[in-house]
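Each structure below appears as structure tokens.
Here come two complexes built around chain A, the first alongside chain B, the second alongside chain C.
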Partner chain A sequence: MNAILFSAVWGVVMMFCGAFVNKAATVRNAAVTGLVLLIILNIAELYGFRLMRVDTHGMLAFNSFTLVFNTVAFVSTLVYFFLSAKDMERVGVNLAEYFALIFFVLSGVAISSSFNSLMMLFLGIEIISIPLYILTGSDKKNLNSNEASLKYFLMGSFSTGIMLMGIALIYGATGTFSLERMTTVLSPGLNPLLIAGFLLLVISMSFKVSAAPFHFWTPDVYDGAPTVFTSFMATIVKVAAFAAFLRLFTGTNVEVPAQIKIIIALITAATLFIGNITAVFQQSVKRMLAYSSIAQAGFMCFALFGFNDFAKEGLLLYSAAYSLATIGVFAVLIKMKDFTFEGFNGLASYQPLLAATNTIFLLSLAGIPLTAGFMAKFYMLASAIKSGAYMWLIILAVLCAAVSVYYYFRVIQAMYFRESKEPQALSVSPAFKWGLIVIAAAVVFLGLFPQWLFAKLYF
Partner chain B sequence: MPVNYYIFVAIALFCIGITGVLTRRNAIIIFMCIEIMLNAVNLLLVAFSKMHYASHLITPGAGGANGTDGQLFVFFIMVVAAAEVSVGLAIIVMLYRNTHSTDVNFLNRLKN
Partner chain C sequence: MIPVLLILIPLITGLALFATGAGRARTGSLVSSILTLVVSIAGLTVFKAVRYLKYDGSWMTSIGSRFRVELDGMGQVLCLLTAISFPLIFVSTYKNEYKNGNRFYALMMLSQAGLMGVFLAKDALLFYFFWELALIPVYFLCSIWGGERRIPVTFKFFIYTFVGSLLMLIVIIYLYFQAGQSFSIESFYALQLPHQTQSWLFWLFFAAFAVKMPIFPFHTWQPDTYEQSPTAVTMVLSGIMVKMGVFGVIRWVVPVLPVGAYLWGDTVTTLAIIGMVYASLLAFQQNDLKRLIAYSSIAHIGLMCVAIFATTKSGMQGVMIQMFNHGINIIGLWIVVNAIEQKLGTRKLSELGGLAQQAPQLAILLVVVALANISLPLTNGFVGEFLMFNGVLSSEATHYNVWFTVIAGLTIILSAVYTLYMIQKVFYGNTNALTVSATDISLNVKVALVVIVLLILAGGIFPKPMLAITNELSDAILNRMNVKSLF
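The block that comes next holds the complex of A and B.
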């Protein structure tokens, strides 16, 4: 609850900052201060400290998974602020408003990871989406940004309509929006209204997490949006949608019907296949990362099969590993002038540190051992194996991970083994370099001691 | 009136909305079709709410719900739809300023 209240309030504070503060550095500091306070309050809630008692009538439920997940999302955002806040100024003049919108998104993240009623799922997803439509279109004069934001908006509200229909049908079948109460109503058997509703809900959530075959908006939107905001959309927002998706399945104690499970297995397979194969053919690193985010979404879908602790731990670890590595790669990408693979040629010769840390991030995304990405993929597959079904899916996932090595290593190869014609002049501050080093260290640390993240989950 | 009629009307409206979104090329008309979808859901929720209330009167405490939360949800949908309209129209206006058209066929620049 702390996180929801505080991030909403701080979003308003940032809007006032936009009206009364002119210096960009002050605005940036205010945002970072707010985020640090947010993280502290969120962790304090783990130890039982609450800002105020709010009776939510059972619509929201906070457990240790929710709080640890929120912490992961907020810390990723903090890292993102440290690395990319300076680059937001280049998008437009409304710096404070961008931060305000990001705080509103974080409020939505906290709601959608802790909902216990379908009403809150809807509100959480919408609070995440609406500020993102604005952020995507924030480069007002740029036609690509306009196009991306209109496409995102139309697709997003279309999928919201589908989600609402699903919720309405579930309500018709059960007479309640609450996930917990649904369990008692459902016990006699499943009716077609409920299955149809659940199917529509799964489809609309697949839209939101950009799982194939509902992924077609993702590359265009990620490509057209200002790169700083793509970084945010592709990481924190995506894992939040997954946390909501997982909660939808684990919140009820009802056994998920076999038909739905098969559909999710097919969605996972399609996502893995399409994401990885299409990423191979991309010429622009930004677009490649968009497809790679689809491919990684395929791996995150594995959390939806096993309803065991592995799935929850796996999703936490995957959120942290994927967010940190992708934020790092994007932070380097933002500094580049040329987003093609050739743009990375010879980066190692004139910016050895950027190249080295970028290599670690890409290795983590590809799932090479000793990095967090490997352990994350391991937990995901382990949870699917433990649930005992869909062996073909696991084999497909391993093969797709092998394919993904190709396009991630293409960047590494360009950085280390190609000559650049003229070195690009990159404006890189020492603080930025230290930030990259810290994230790279965190990625390796999580790869060595993943259980460190779960220590707070059970106590 | 049986609840079936409401369900049929709502599903029909919803399908009209989906067809409109998939076939129309004007951003504003697509947007109106999305609104039709949302309003179909509103209608359905109110109908279900009434239905659950009626069954609650016959067997009180059966499902533990008396059907009011469905109508409550409708207000949330209206509010969120209004927020979405304000953002969506702003995006369309922004697009119109740059291209002097609201045709979504223009949306193919990013495909290469």
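The block that comes next holds the complex of A and C.
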């Protein structure tokens, strides 16, 4: 609850900040301060501290998973601020507004990870989406950015409509919005209204997490949006949508019907396959990362099959591993002048530290042991294998993971094994370098001791 | 404590070397590898009590994976091989110059740490970690310091092994849940999985090791990679890394899935034998020394695979001993290749000839190594191959033991043909414009080769210590593999 309240308030504070403060550094510091406070308040809630008692009538429910997940999302955002806040200034003049919008998104993240009523799910997802439409189009004079924004808005609105329809059907079938109460209302046996409602919900959530075949907006939007905001969208926002997706399935005690399960299996398979295969053919690293985020979403979908501890812990770990590594890769990418693979040629010779940390991030995304990405994939596979179904899907997933090595390693090859004709002079501050080192260390640390992240889940 | 030291010494050296200069890295890595060798020998002699050879520490408590390493019979043989090989490699290539040399040596040390870990791990997840840790440095070594086509070739190698590893990961996770959420090797051994499950798990598991060994038809990465890698790395790849495959099958596949191994034994053996004959024939056609030795390696490893699935005591011990011997012999061959290449700048058989007149010492040493490669009596190769053939012939796990022995035996003759042909082409005949300028080997190469020749003779004349080390473990594994009575 702390997080929802405070991030909304601080969003407003940031808007005023834009009106009264002119210096970019001050705005940035205010945003970082707010975020640190947000993290502290959120962790404090784990220990029972609340800003105020709000009776949500059971529409929101906070458990340790929610709070740990929020912490992961907020810490990722903090890392993102440290690395990329300066690059936001280059997008446009409304720096404070960008930060305000990001705080509103975080408020949505906190709602959608703790919803207990479908109405709250809808609210959370919308609060996440609307600021994003604006951020996507924030590079106002760039046609690509405008196009991406419009496309995202149109597609997003459709999916919102579908979600509302789904919620309405479920309400018709059960007479309640509450996930918990659904358990008691439901009678055994199939209810067509319920199945249809659930299916529509699955479709709209698939859209939000860019799972195939509802992924078509992703590459264009990610490519068109200013790169700093793509980084935010592809990481924190995506994993938040996944947390909501997972809660949709685990919040109820209703056995998910087999028909829905097989549909999710097919969605997972399609996402893995399309994401990975298409990424292979990209020439621009930015677009490659867009498809890679689709491919990673395919792996995260595995959390939706197994309703066991591995799925929950796995999603947490995956969120942390994927967000940290992707933010890192994007932070390096923003510094590049040329977003093609050739643009990375010989980076290791003139920026060894950037190349080395970037390699660790890419290895993590590819799922190589000793990095957090491996343990994340391990948990996902373990959760699926434990639930005992769909061996074909698991084998497909590991083959796709092997394909993903191809495009991630292309960047590594460019950085280390190819010479650059004209070394690009990059302006990189020492603070930025330290930021990268810290993230890389965190990625390796989580790869060796993942249990550290879950310690707070059970106590 | 010994196993931890074996991993930590190279690991720490490797990480430290990233921060030093090239000259210091060269001595540093040599000193560190000799230190590892001393520790490894100490583990065989002074500190051979069991309490020194084990370490068990907690690691990923939430999923029940432990940092468990232990030096058992096969581990001792292979750790000794790893420990001996690295000083030999560093000594014999001491004069090679590498751009950014410190990184080269650092990555070499990291791969040594990974290899040690693979041979020591008694926890499946830990094993998997080390399995990859050994691979990643080698990927960078080959791609940065390799030959002209290094990038695509090494990448192919990486993808092949990575696919294999991932399939293995599925099996490990599957077995983990079957074993009640435990990764320890004992709990894996205690599993009694239904026959049908073992049958399909076998291939997923075996794939990882088949790629590494390599077994026909998974071998296509190997000649290219050996050819394109810098020779020091090729030594690691062919001397030690392929043993990871053989080792993995013995330690993890056949004892855990004995029924699967029994059911598919004939198929695997047939593939291995096809590979042996095919590789031997191809070896004969090669013009590049590195490719020739690469194909010869496929043939020798194939025999080890055949011997594992024969399920006999003699065969199993033969494999364990031959893993060591083959490592030593093939590193000897690579040292010669490296010496020739550094001196003359070519590896083509057609451009060489008459080297014996210019470099008599090299010729003598090479001939001994080559004879060991064709496993002549009195050399170490003979002991291992004799035991393996004996094992295959007396095998009761298959009906085709005689056929397998005869066809596999052909490759010994073929191996003699191409090895002697190579010696003839390179060392005898007339000198040409290129080779007339050659000089004899330098001291460092001589030292390395003499050590290898001594090891070859020692292993050939007095194999008893090796047999003693591997005795107990091979009995234990054969006990688990003995499933014929179930059918």
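The rule is short, and it goes like this: the second predicted complex is superposed on the first by the 458 of 459 C-alpha atoms of A that agree within 3 Å, B and C clash if a C-alpha of one lies under 4 Å from a C-alpha of the other, contacts with A are read in each partner's own complex, and residues count from 1 in each chain.
Simple rule for what comes next: a residue touches a chain if its C-beta (ideal position, glycine included) is under 8 Å from a C-beta of that chain, and two chains touch if they have at least 3 such contacts.
Owing to the predicted nature of the structure, the values given are computational and were not obtained by experimental measurement.
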item	value
Chain B versus chain C as contact partner of A:Asn63, first or second or both or neither	neither
Contacts of A:Leu381 with chain B and chain C, given as first, second, both or neither	second
Partner chain(s) touched by A:Leu370 [first = chain B, second = chain C, both, neither]	second
First, second, both or neither for A:Glu313, with chain B first and chain C second	second
Which of chain B and chain C A:Asn191 touches, first, second, both or neither	neither
Which of chain B and chain C A:Phe417 touches, first, second, both or neither	second
Which partner, chain B or chain C, touches more chain A residues	B
Chain A contact footprint on chain B (complex, rising order)	7, 10, 14, 17-18, 21, 27, 30-31, 34, 37-38, 40-41, 44-45, 48, 51-52, 55, 63-65, 67, 69-70, 72-73, 76-77, 80, 83-84, 87-88, 90-92, 94-95, 98-99, 104, 106-107, 109-111
Of chain A, residues touching chain C in the complex	313, 363, 368-370, 378, 381-382, 385-386, 394-395, 398-399, 401-402, 405-406, 409, 413, 416-418, 449-451, 454
Sites on chain A touched by chain B in the complex	119, 122-123, 126, 130, 133-134, 137, 140-141, 143-144, 146-151, 153-154, 157-158, 160-162, 164-165, 167-169, 171-172, 174-177, 181, 184-185, 219-220, 223-224
Contact set on chain C toward chain A in their complex	59-63, 128-129, 132-133, 136, 140, 143-144, 150-151, 155, 158-159, 162-163, 166-167, 169-170, 173-174, 176-177, 204
